[in-house]
Amino acid sequence: MNKKEDVVLVRVEFLGPIQKDALELEIVNLNELAAILQKDEEVKEWLDNCAVAVNDNLVTSLECELKNGDKISLLPPVCGG
Amino acid sequence: MNKKEDVVLVRVEFLGPIQKDALELEIVNLNELAAILQKDEEVKEWLDNCAVAVNDNLVTSLECELKNGDKISLLPPVCGG
Amino acid sequence: MSLYDGSLDVPGILKEWYEAELTSNYGAYIPFVGTVRSEDGIDGLSFDIYEPILKSWFDNWQDKAKQKGAVIKMAHSRGDVMLHESSYIAAVFSPKRRVALEFIDEFVEDFKASAPIWKYDLKNGQRVYAKDRSTAIKGSGILGAK
Amino acid sequence: MSLYDGSLDVPGILKEWYEAELTSNYGAYIPFVGTVRSEDGIDGLSFDIYEPILKSWFDNWQDKAKQKGAVIKMAHSRGDVMLHESSYIAAVFSPKRRVALEFIDEFVEDFKASAPIWKYDLKNGQRVYAKDRSTAIKGSGILGAK
């Protein structure tokens, strides 16, 4: 019974020095995202130092349900100025 | 036996808001100056809050011998900026 | 908050901000200007900015400033900024000096720790992420292996 | 250190100092600008300065700055400065931001407590010593009655 409107498609963007194109993923929470990215050789090394934003709001826990169309951003260590 | 060269003449200047002309005094130390100024109605009220400089160096004790030609300045409370 | 491509016109920006607040009755104006230093043989620096989060971070600070009767301004460069050019200006205006002196310090430090801006060294024609000088944003690491 | 009759040309002075140190390889430049606020119905402020002691006070701070690889600049007005005009600019240049942020704070506070400058309110055509806002220089009172 997979109705069309049940599909949760989110976009994951990698900011700054992380050399990786955005991903479109069908996931419903950040735990799923963590599991996927921990297997990604290009991104793995960044995860321990990356902040995460959902729709441009920083989140500090994985307990975050995702809705269709959400934008997730990974922010590696910063140095403005 | 008052030889001319024994005379110690100092100039006392009153800075900023103290409305008083400079004095020329024959004194050999700051204790004498304190005694004189404490009897001066115009200056008396300022003394507790005035800093004292001898030849443009701030001094923090009365134990200071004066030489002929010394310049003593009284500096009332400040507020630059 | 203003972002510019390339280096900042520091005298022009300091003047613009000063004149903009001239009759706002602020007694203290404290700009902080960051200029690219010659070190480690770099030719300059380069910056990436993620604007949406920078804007909300800045707006949050502006609210904090407002609560103390102060106002903050900020300018930053995007892209390349060469040696002895400036890439960053922050400024606080406040009625009294203590608020401004404390605010500029807190603001600049939090900017360094939190603003979503990435710095690269320009060296031998390469653009190299300044990893060692960068700071993980507070709360980082939630996606890492437990 | 520069003293001016009347108000300061803030944009001009900030620009002059910035350009003077452009290639000195300082990473941080922090000016503090003091502007006359409208309060208590004043028309402006007026200043007396005792230059010899101001100069030695400033030179002493310049030495302290030098020991930290920094440099200080200062401009102040003599005489009358009207509402929303500026009477004071201090600035620190240093290689790194922490030294400059701490130095500008310490310098401005000691300036307020120690610099031999007297402030008067200009009000109803009178020049009234700002006694309540003034601070006795450290070590004051030695001539007072015991």
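To keep things simple, chains are lettered A, B, C and D as they appear, and every chain counts its residues starting from 1.
As a convention for this text, a residue touches a chain if its C-beta (ideal position, glycine included) is under 8 Å from a C-beta of that chain, and two chains touch if they have at least 3 such contacts.
Just so we're clear, the structure is a prediction, and the values are computed from it rather than from any experiment.
J.: How many links in the shortest chain of touching chains run from chain A to chain C?
T.: Between chain A and chain C, the shortest chain-hopping route counts 1.
J.: Spell out the chains that contact chain A while also contacting chain D.
T.: C
J.: Cα centroid separation between chain A and chain B, in whole Å?
T.: Taking the mean C-alpha position of each chain, the two centres sit 75 Å apart.
J.: Just curious, how far off is chain D from chain B if you go by their C-alpha centres, in Å?
T.: Inter-chain centre distance comes to 26 Å.
J.: Using Cα averages as centroids, what's the distance between chain C and chain D in whole Å?
T.: About 26 Å separates the centre of chain C from that of chain D.
J.: How far is the middle of chain B from the middle of chain C, if each middle is the mean of its Cα atoms, in Å?
T.: Going by mean C-alpha positions, chain B sits 51 Å from chain C.
J.: Which chain B residues touch at least two other chains?
T.: Residues 81.
J.: What positions in chain C touch 2 or more of the other chains?
T.: 34, 97, 108, 112
J.: What is the complete set of touching chain pairs?
T.: All touching pairs, sorted by chain label, are A-C, B-D, C-D.
J.: Which of the residues in chain B end up touching chain D in this complex?
T.: Listed in rising order, the residues are 15-17, 30, 33-34, 37-38, 47-53, 56-62, 73-81.
J.: With touch defined as at the start, can you tell me which chain C residues reach chain D in the complex?
T.: 10-11, 14-15, 18-19, 22-23, 25-38, 84, 95, 97, 100-101, 104-105, 108, 112
J.: In the complex formed with chain A, which residues of chain C make contact?
T.: Touch residues, chain C against chain A: 34, 47-50, 52-53, 56, 76, 87-88, 108, 111-120, 129-131, 133-145.
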